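After this come two complexes, each holding subunit A, first together with subunit B and then together with subunit C.
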Partner chain A sequence: MRVEVLPIVLGALPASAWAVDYLSASEAEALMFPQADEFATANLRFDNAQLQEIGKRAGIPARSAQWGVRVARHAGTSLGYVVVDNVVGKFELITYAVAVGTDGAIKQIEILSYRESHGGEIRLPAWRKQFVGKTVAGPLRVGEDIANISGATLSCNHVTDGVRRIVAVLQVARETGALS
Partner chain B sequence: MSIVRRAQPWLGTLVSIEIVGEGDQALHATAFAAAFAAIARAHKAMSVQDRASDIARLNAAASGESIQCDPWTVDVMRIASRLHAATGGMFDVALGTAHGTAYRIADARSVVKLDGASRVDLGGIAKGYAVDRAVAALRACGVRRGLVNAGGDLRAFGSGVWPIIVRGGSGLALERGAIATSQYRDGRSPSRDDALIAPSARAVHRLDRTVTVAAPRCVLADALTKVVALSGDASHPLLHRAGGRAWLQ
Partner chain C sequence: MQHRSRLGTLGQLFVATALALPPAVHADEAELAQRLEKLSSELEAVKAELAKMKKDREQAAVVAAPVQSAQPAQTAQATKPAEAVYTNTEAAPGGAPETVITGYGEINYNRPVHATEDTQMDLRRAVIGLQHRFDAQTKFAFELEAEHAVTSAEDPGEVEVEQAFIEHRLSQPLAIRAGLMLIPTGLLNENHEPTYYYGVERNFVETAIIPTTWREGGVQVVGDVADGLTLQGGVTTGFNINKWDATSTEGKESPLGSIHQELALASAKDLSIFAAANYRGVPGLLVGGSVFTGGASQGAQGVPNMRVTLWDLHARWTPGPWDLSALYARGTISNTAAFNSTLVGNPTLVPAVFDGSYVQAAYRARFGNYGVAPFARLEFFNTGRKYEDIGPGLTPAPLPTERVITTGLNFDINQHVVVKADFQWFRQLSAANRFDLGLGWAF
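Let's look at the complex of A and B:
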């Protein structure tokens, strides 16, 4: 087996945006609860004491007093919940969906979209001269034709924190009877 | 031709999988599930942070203790041992913590810790291995063309070209095979996964370079970025043996 690599000419590179979309929120919930025949929206509102409890359990601040939760149901019975959330990192904005069962256990996490503010650090330096061989013609558009960066050092720590917060939100909501 | 993309957080980063297909949704769903299951298995077996992982248990073990491991962990540790030997100790998953040999592979399912004080971190190689396993899972499901990208360590298979951006560098077209990039700036590595510690110096190498390696298998592309970064040699003999190439920035 050989590895085949050629340089390419990049055209129309955006200066500051890198974005890849994976799933819509409705695609994600259908994927994570395929047996559901209904999804209902529950708008949760927490008071200060509840927010403190969420923060204590998650180990990070609750951030918001209002949370929208999609409740997956089959024949009227709750199967679990889907929460869509955004996390902002140093360089990136990640939208993700978490599916949690009625037992409080995380079922699945799907990234819906990934946006990066520093994606434009793409230059055409002398480095390219190290390539030998012909060039594949551009122009190519980032996010459409190109969805992969090698050397992307993004971390998923913010997603991990966000998931922990959502699990605590759902726990407190169930304990207080706001969610069934 | 259409591309279906999916991404989940694993291995401390974002793992994305792309399938090029004719729209067979059932096949895509099965293939995504199988590939992410492979990634999850590698994560659970080899994560340093997860206290139940093989590596965390090995690190907590005493000298002489035998640790039951996922065969994938043993596989990665065997590859790491070979690279350690082939580079005269430069590629070191014990990150310089071992006096002598950190561990010995007993069989396909167990590893014996030799130096009780040593700490192993497979961060510099396990991501690539997980990518290879996910690619194998996709192919086993009948996917003919696709790509798996674990935080920039990626591998493509099937016919056709994938445009890839190397951060801070340029674009390149990948057709079959893997690419991994490691960046080192001002002596600080971007993540602890990529920490480079010279066994002799017992100190983090002060480097300011970006290394990209292309190789047929992602486990070798991933591991060899460290070898090229440490040696500063973009024509390191191991590259040739692995069927790979390297670029330094």
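Let's look at the complex of A and C:
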């Protein structure tokens, strides 16, 4: 796997790159890692074997060989990682951010944009808190450790699948030494 | 642009070559040799230009390849880091499409065990829908449904527009809808895809009492007013009591289903209003209720002012693998005595009260990506619980309350395809006890 890390000063992200409804990516990462004094961009590229491993751990395909990760740092020490992702709910894209600690446990998730007519409740802290502390060991599945929102089953499933994929991506990246 | 200008250069070369040839026929040998030499050098230039274009194309393909394919790291090239953070998406580049096609449907097999000659298999419905987003605030939702496979003068099918409305978001928590919309009643009416409910057929309470899929034309406001609390309210068309067919049993099967208008040249003198509240603030919990009320006489001569009111309370709780739900719905029609007096002697008079309730429990287990959900449902419903008094011997007796027990299995092939099997026991109409099989899809 190849990784390239470039430090970017906090707040320098192009906010205009997002059609943000609730939070921008830079606001989300600052919210999730308030201690960070720097966020670096890591471009992860996985080979076929690694993609298969991600798919195996997530229970769904890795989807992409390339993943953009933001590494939160304080005084040069890694605090964790932020991945911003899009999944389709029922009709529309849902943009969300996942913060994962260096131990692989989910620290926080934030919904950046939610455009569906139903199921906006996934933005509520009570629903998002269900993910906190979970790792790739899971199960991270609706109907098991993640409760559904009635009337927004597809949105719940797809965001939960997306989070499970991201923790698998980060886990494989950590195990291969691409992320410290 | 570079390729376009090179093609232009090539074109000029060919034109120049073509123009240069005719005079050569009349030239002397030396001049001819000179021109041939010139032509030869021009050909060399063309060949070099072509080779350069080919090389450029190959280089462009190499740059794109690492982004698209799962190349090993050694051969991969890094992309611009600042942009890469934002490439995590399952949508096509450029974001979500403006128009999304959806669909759902089900094919059901019903076998009454005491009357197997009535066994049927039916394409119950096949629906194609779409959502088109005009801008960030405004979208259009549409569903077209075909029932029973074939629609013609001799066939039982129906084709209907189930939804056609515009939604405009006024602010983050507030949206307004206008058009043909589903009424937010009960647990099924707004979420009626086969992957959403247990059992081959939709439950009786939400078909006989609440006429799912129930839609009206009008205006609706939707507001997420507090954490997890959604309020909906609106003004719409309503029912038309003049459609009541006292000679048919349809009114006994579903009183409101027999007088709904579905925005098909709907009489709209009497409009209705509705309100619904649903709380989803606790993960896995839904508690809500709704009320719909409006005149049903539609100004018809000699018909008393009659009001249809339907309300419901519902709850659904999904702790872990459990899926538990309960619902009660009650409908009333006012001033039925005067109306029924004109119908005496017919088999089906208009009820003053009809109601129903159910409780349901399902357990969702997962085997790999397959899901298996055994379930059981207990229903009570009465489509003629009470009739207004129109005199001794003329007032219909209240209908007996039907009790239905349904137990079976939903087998999820994935999130979008379900195979179902169940058995239903009827207390009153035990001859109708039946075995059901179903195939459903939704995307």
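Keep this in mind: the second predicted complex is superposed on the first by the 120 of 180 C-alpha atoms of A that agree within 3 Å, B and C clash if a C-alpha of one lies under 4 Å from a C-alpha of the other, contacts with A are read in each partner's own complex, and residues count from 1 in each chain.
Assume a contact is a pair of C-beta atoms (placed from the backbone, for glycine too) under 8 Å apart; a residue touches a chain by one contact, two chains touch by 3 or more.
On a predicted model such as this, the values are computed, not experimentally measured, just so you know.
Trainee: A:93 contacts which: subunit B (first), subunit C (second), both, neither?
Mentor: The answer is second: A:93 touches subunit C but not subunit B.
Trainee: Tell me which partner A:59 touches in the superposition: subunit B (first), subunit C (second), both or neither.
Mentor: second
Trainee: Considering only the touch criterion stated at the top, classify A:48 as touching first (subunit B), second (subunit C), both, or neither.
Mentor: second
Trainee: For A:70, using the defined touch cut-off, is the partner it touches subunit B, subunit C, both, or neither? Pick first, second, both or neither.
Mentor: In the superposed model, A:70 contacts subunit C only, not subunit B.
Trainee: Touch test for A:84: subunit B only (first), subunit C only (second), both, or neither?
Mentor: second
Trainee: For A:110, using the defined touch cut-off, is the partner it touches subunit B, subunit C, both, or neither? Pick first, second, both or neither.
Mentor: After superposing on A, A:110 lies in contact with subunit B but is clear of subunit C.
Trainee: Give one of first, second, both or neither to describe whether A:25 is in contact with subunit B, with subunit C, with both, or with none.
Mentor: The second partner, subunit C, only.
Trainee: Following superposition on chain A, which residues of subunit A contact subunit B and also contact subunit C?
Mentor: 1-2, 4, 6, 8, 21-22, 121, 124, 127, 130, 145-151, 153-154, 157
Trainee: For subunit A, which residues are in contact with subunit B within the complex?
Mentor: The contact residues of subunit A facing subunit B are 1-10, 20-23, 31, 94, 96, 108-111, 114, 121-125, 127-128, 130-131, 136, 138, 140, 142, 145-157, 159-160.
Trainee: Touching subunit A in the complex: which residues of subunit C?
Mentor: 66-67, 69-74, 76, 78-79, 81-82, 84-91, 95-96, 100, 102, 131, 133, 136, 141, 167, 172, 175, 187, 190-191, 196, 222, 224, 227-228, 278, 280-286, 316, 318-321, 364, 366, 369, 371, 415
Trainee: Could you pull out which subunit B residues touch subunit A in their complex?
Mentor: 3, 5-10, 12-14, 16, 18, 29, 147, 149, 151-154, 161-183, 190-191, 210, 212, 214-216, 234, 243-245, 247-249
Trainee: Can you list the subunit A residues touching subunit C in their complex?
Mentor: Those in contact with subunit C are residues 1-2, 4, 6, 8, 13-14, 17-19, 21-22, 25, 41, 43, 45-48, 51, 59, 63-70, 83-88, 90-93, 115, 117-118, 120-121, 124, 126-127, 130, 141, 143-151, 153-154, 157.
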